[in-house]
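In what follows, structures are represented as structure tokens.
Note that chain A is present in both complexes that follow, paired respectively with chain B and with chain C.
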Partner chain A sequence: MRSADEALLRIDGLSIEFGALESPVKAVNNVTLEVRRGETLGIIGESGSGKSVTAMSILRLLPKDQARVTQGRIWFDGNDLLEAEPGQLRRVRGKDISIIFQDPATSLHPSFTIGAQLIEAIRVHDGRISKADARTRAAELITSVGIAHADERLDQYPHQFSGGMRQRCMIAMAIANQPSVVIADEPTTALDVTIQAEILSLLRVVQRETHSAVIFITHDLRVVAQVAERVAVMYAGSIVESGKVDEVFENPQHPYTSALLRSLPALDHRAERQVSIQGSPPNPSDLPPGCSFEPRCDVADGRSVCTTDRPPLQDIGGGRTVACHFSGETEAVAVNLSRHSMQPQAIAAAAQVDIEPVLRVENLDKRFAIGGGLFTGAKREVHAVNGVSFDVYKGKTLALVGESGSGKSTTARLILRLHDPSGGRILFGGLDLAKSNGRQLRDIRREIQVIFQDPFGSLNPRLTARELVTEPLKIQGIFDPNGPDHVGELLSRVGLSPSQWDRQPAAFSGGQRQRIAIARALILEPRMLVLDEAVSALDVSIQAQVLNLLADLQDELGLTYLFISHDLAVVRQLADSVAVMFAGRIVEQGVAADVYGSARHPYTKALLAAIPGTDTQRRAPGDDVEVTEARIDIAEHGCAYRLRCPIAQDVCATDSPSFARIEGTAHDVACHFGAVPVEVGAP
Partner chain B sequence: MSARTQEPSSPVRNRRTRSGLKRFGDWSANEKPAAVAIGFLVVLSVAAIAAPIVAPYDPLQQDLGAILNGPSWSHPFGTDELGRDMLSRVIYGGRISLATAAIAVAIAGSVGGLAGLAAGYIERTTGALIMRFMDFLLAVPGILLAITIAAVLGNGFWPATIAVTVISIPAFARLARASVLSTKQEEFVQSTRSAGAGHLYLMFRTIFPNALSPLIVQASVAAATAILLEAALSFLGLGTQPPSPSWGTAMALGKSYLKQSIWYALMPGIVLTATVLSIDTIGRALQRTWGGSALDSAAGRGA
Partner chain C sequence: MLRYLGFRVLQLIPIMILASIGVFLMIHLVPGDPVLTVTGLEASAEQMARVRHEMGFDQSLPVQYFDWIGRVLTGDLGNSLVSQKPTTELIVDRMPATIQLTIATMFIGLVLGIPFGLISASRKGSWIDKMVAGYSSFSLAVPTFVVGIVFILIFGVELEWLPTASEYIPFWDDPGGALKATIGPAFTLGFYVSGVIARFVRASMVEVLGLDYIRTARAKGVGEAKLVYKHAFRAASLPTLTVVGIQFGTFLGGSLVTESVFNYPGVGRLILKAILNRDFVVVQGAVLVVVAIFTLVNLVTDVLYSFLNPRIRAGNGG
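Showing the complex of A and B:
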């Protein structure tokens, strides 16, 4: 019937608008895409680029009263899905085309068992199958996505599954009817990096077995490099470049793609400065008449054709297209995706040993009581932070790295005394913060300031930028309205122009809000900043701007940073030393170059190996991946990591490993077998 | 919808840059029914305050030659069983209804709001005690509580107003507590705390202004309820006593004369209904305005 080359799904000139007719927000502009059988197409773009809207429109999942398709067709199986009758559309949804959403916590129905949801998904498209047969099929499905004890698991509810397991269930549901197209909308964004690696390889296995086409939507360049064969780059609602992943990443033709790739933080070395793209993406209700990227482009260079004519998407041969007037001038990039040159630098540690630390944390402990109320069941304790110790030196950055639940954010909150520690000492400026209260605590809070992850929640929405930065001065009673305008100076320093100072947070983009948060933290002239996932919510190009700003401020003001993050690439760019946390403990710490270059703890190695798009994870033609079984995470006795550890032995089950210094370095590791160097990349 | 996450300058957002009057103009263009309702309430309030000037007759002046008349040019709302001008009595009665509503909402709003703020911020024992007391108030049927209070304090304007106020408190307290509990979790509160802010600063400067919008919407609901309750108490003979004019008493007396003149009970009823509907319309419009901005920030966060 259909040849292998023929497109299975083809989007033709699609444009979508939101909002009022007189001032439409153009979310998608003239997008043309196709995906073939057995192929993975990656759609990449920053937030607001229209990638998700495009994907949702395929199954007509956009809210009818808000979104308008102004032109275009979506061809599937000889029909235009945009014209399909409701009945026809229902048959396509879930049967021929299925979707995996971003957040497995909300995309499963919380009050039905996994089994019931799977059986329903099977039976709704196949009325003849009996309940018992459907259940057998459901059990096969969840076994095939790596969930053990299928029969028991089918009778459990979503809340009894971990995030990674739920996403496996979503995948099982998506492939239940052997669809020919699977749309995956940021399917691993909400997951930890090691879980993400499992899910990505699972998707590959599933695709190989079902021979379906996958449309993979993500903002993460590394993920696309790993999973996709072809990629389409979207910017401000349009495709600016497409082609084979390897070719696009090695030789980008559009300045945006090139800049995006260059702004990706490197893993193998610490760059002097991050490459960033100036400015921020255009407002989709007010796109420039010419090329949407022109205001941020360094190739355009003020040439008038870029400001007046929108460049069409041109075929440049070899299956590649690009929308740029001067694509030949785009800077070639050496993509930061590899990490072969990760060399240990054991010597660098010596310098900092005899300096007094700014912050010293000793045996910090935090237990949370859960339950114990009249109706909330038996009292349990969660040991969120378990004997954590580290030093942070003046003008340096220590990064606490770990996956969700590792206790890294709790540690930060203990240091800020937003929680009260259960034990241990926090020595800062000659005081033990763990025991300080009242006046003393208020004074010391001037010295340690915090920047949170969520730029949308961490600023009081009722205050203007200027008021937000002034507020800490007023609280501390040191605001002088007649003195020099420190607030204005600082706002300018973080890159906000005076015309923006009297706006409320809602008028700013994520990156700008994070700049306000930085100014607010710095106005009290603290000695130390706690950065709790401070750049994690930002797009790559904006993230690079904020990282540069943080690095500059550290140099100028001699600030000390405690940087909390799950993103190993970002940590590599900012941190002088790294402490890796697992289950409330630090399992490895040392100078960044040592930890990245010669990781000793199996967990650190697993974290590094799980980063998508790196050499070990790159998709090789014909490679053979197996479904790995979803694991139980944390052991109660002995070494907490032993259930996931590839080198665990009997001693790990009985003895909890203590910290050991690696000879001749400042590199500590808590593993029974850690002091012996092991080849990087070994399983 | 990721398309909506990073658009910095839609017209509603730049609130600070425009004058209050201009903003109100834009708002009422979007919320036409609410603008009409505000107009009606302004006219009503001005008439009630300036009653001696506005009212065509003395509300107590009897004219036994013209009893239970229908609307006419000289008596637009008709007359009652003693020939008193109903328009004047409705205007004077508005003083009582509006005063009850204003006093009840102001006192219940501040008492309930503060109690809820304290209960939400402190949580533990104090919070639990405050909320159990509110539950107790809520458990007693409102009209029964009002009758009890009237029975203890006697009939008249003040006992009725106190009863209406007490009944309105728990709703404010519960709403304030719920709103404070969720606002308290926001990162900007933590951020302000780590700037060194004390408890009072956090409660009144940081949390309360951000937890306020549901309370303002609740105030409109409470005002409407207060007017109805005051009328009901007067209707039952527990509120304002004759010959003082009040919408409730007018309806109570008017019902005895429904056969002779339907206008007697109907006119105060229409004004009462229009007032309650107006307040309700304004409340809904406020809810849309503030609820909308809350939705916006939630959508932004989802990105």
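Showing the complex of A and C:
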């Protein structure tokens, strides 16, 4: 018997390079870490930090023609996996060590049934198991991860499962052979927040039952706080700090960890400003000779040792390590990842009512016909947006919040008239946009500009930053090459230095691209910006920078924002009022402080409770979590939410709840039991 | 699924109408007077006028078209101007030879092309990959008549293993003889097809091998060989099917050059001879049949494709 303290898997001095030999991209630099039986090790880092590359290298899943391991060993069960013969490696893969990948939409083979893929996972390691026995085992497995009607489900293909269900299947596949190590690479990043909560608790149950060690890779600090016992923080390919999660988060020793924790948007209050880390991570093909974090570090303060000597990872006792020359100076930040008591805040909203809104949406409706095409039978209709009404006031931010499929992005597209509404009114600047067309619409589009989520796909790669921002002026026919340089002013304002103006998007990071997108949206001096998940693709330190920029611009220019997001913490930082959408309807709406502080709709409560790191989710010793069954359920009649609702009663099945104002507030809720505060346990 | 099938069959109608108009006009677009084919160059003006009237060429084009298409719909493609035999009969006589050749061609093309494509995709960048790339470029670049003639020179003239001119021997009558008689043209065409397929299989395989679900399978412990032929090829075979279908349809229309080089009695040679004889009735009829076959084969391919793709097959209410 191995002792519990002994490392099950140990990575020793691992370095990995990509790209050409002459100018290698150093993705991983001298990483050492280990994981013990039954423990969860979180590896946290922003994109490009090398966390996923490290994880993939354990089972040698990096593309052979691109990645090179330049040094290091990966010890497992007395062998170096990097030296393992193909046959030996294959026996480890999926049997002793298994992986759960990030995107369940692409990680399952579309042409094989779920059953076939599970059966293969079992039989590939033991051909003596008959197909029938393997199928029985597969059925047990998917039942154990909370999928009902296992026998039927096994014969279905991945596209017949929802994202959360597919991830459950991936987990079932990963635990099929009772591995001793499970690597989870951003397993919930592609999922909605309530689904994420389900998957995280499922992983916890699975780990408790299998006693496997889990390596959990994520960019999300809240998630790591919830699932891991120990954490390793990676930056620019190296581990900068590691230790017990609670200790690292409460008393970070590396300036990067500290800054990362401080830049996390708070849930319980709206901060004056987001704490952000200046600059962006270094280019991994051109790392500075000293500390990689030095250019962004507050602690270094120009001291030469930081620019010349790379700090080694030092043991500072108590199972903690840190790589910083001046770790003692790191500002101690008490970041409480749990929600503080959320007292209903003063009702500050009433004042708004008299002012004329900039944008008023009334009973907006959109139905999409699906099917009726080549392959399907009867035509079906999806009611993507169902009687949505809201006002957005000048200089304020309204956030539309919801999970994927809730209709929030469709609503934004209707306002921009990228889709034609099926009904309702969109009043803006004295016009009903729902009925406008041609010339009118073109003029209005100057007034409402949009910024999309994907900073990579939404900028023409062949134009320079300056050209991209100039383009809208040319389209509108108001570009004056001899006039004052508004484009330059604006580019400076969003934080791009003149030396960067003539570069193409490929030369910019995600955050910088989003800055270009903001400048492009603002060049026409719009009254309103629609921000469709505009910061969702950005790393947390960069996200904070962009949120600050948006807030400053709003103050300076009196801009009105419609902010679409699935991220409740981000919304909290920017929104004056919040509208929560579910299945095409707004279910709760009000001043941000009210909605966060005293949520009335069970769905809003579920969303808030599902955020990792909140009290209800906090991992406690000996806590007993159950596998909840995966759901697919938007009710067709009555209240759409009732199938997931913990307080639903008979009336919910028959009557669709209408909006009711909570007395003395500007807080509306569409729930039969919402007008009175009912205490609801988290689902 | 049935709806889809019905829709696709309905789609054939406008395609065939357009094709028939094209084929019909073809004869009027090429220079020269088809009447001369019947009367001979020495004919008098009256003779030519009489023949022109008999053949309906003095009518307006729409009248001629509807006249012709009406007969085509009853299965009458007209009689050959040279042999006086019905065109339908001529085509039906040649069809089995062409079908046999096409099947042999596709067999050779697939048997060579798929493994080449698989090997080069799984060893991307290796010398094998480069060899296969060279092979497929070569097979695509060298004209079929050169391949055919070289084949005849080697196996027919030098080694004397095979006849220098082939004939049609039905496979079920005499498998050995059929093999000998068909292998020449079949290899000539199959060589070309193998290049097309190898390229296509490689391209789709390289794409699929980089996908997440292949990584998942690898992480499960599936061996590299099985990964390639089971997981990746399953996905890559779908787009390959389309190319195979197009090739199949093309060769069912006969191959004018190869059939002529080997003197193989297929539809291709029928068309070529008819063109040389200015036998426009046969050309029109045969080309129309070829177009119809091509369209049908593509329809079958598409239907097969959607049947093999679970996302389409299991589509809502499918």
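Assume the second predicted complex is superposed on the first by the 670 of 683 C-alpha atoms of A that agree within 3 Å, B and C clash if a C-alpha of one lies under 4 Å from a C-alpha of the other, contacts with A are read in each partner's own complex, and residues count from 1 in each chain.
Criterion: a residue touches a chain if its C-beta (ideal position, glycine included) is under 8 Å from a C-beta of that chain, and two chains touch if they have at least 3 such contacts.
Treat the numbers as computed from the prediction; the structure is a model and nothing was measured.
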Check whether A:Leu427 is in contact with chain B, with chain C, with both or with neither, and answer first, second, both or neither. neither
Please indicate which partner A:Ile647 is in contact with in the superposed arrangement: first for chain B, second for chain C, both, or neither. neither
Have a look at where A:Ala116 lands relative to chain B and chain C in the superposition and call it first, second, both or neither. neither
Touched chain A residues, chain B compared with chain C: B
Between chain B (first) and chain C (second), which, if any, makes contact with A:Ser98: first, second, both or neither? second
If you stack the two complexes on chain A, which partner ends up touching A:Glu471: first (chain B), second (chain C), both, or neither? first
Would you check which partner chain A:Ser47 touches, where first means chain B only, second means chain C only, and both and neither mean what they say? first
May I ask you to decide whether A:Leu108 touches chain B, chain C, both, or neither, giving the answer as first, second, both or neither? second
In the complex with chain B, residue positions of chain A that touch it: 18, 25, 27, 47-53, 237, 280-281, 283-285, 416, 418, 442-443, 445-446, 448-450, 452-454, 456-462, 464, 471-472, 475-476, 502-504, 506-510, 512, 517, 520, 524
List the residues on chain C that touch chain A in their complex, please. 1, 3-4, 7, 124-125, 210-213, 215-224, 231, 234-235, 238, 306, 309-312, 314-318
Spell out the part of chain B that touches chain A in their complex, as residue ranges. 1-10, 13-17, 186-188, 190-198, 201, 206, 209-210, 293, 296-297, 300-301, 303
Write out the stretch or stretches of chain A touching chain C in their complex. 59, 61, 63, 65, 86, 90-95, 98-99, 101, 103, 106-113, 120-121, 124-125, 156-157, 159-160, 170, 173, 371, 374-378, 380
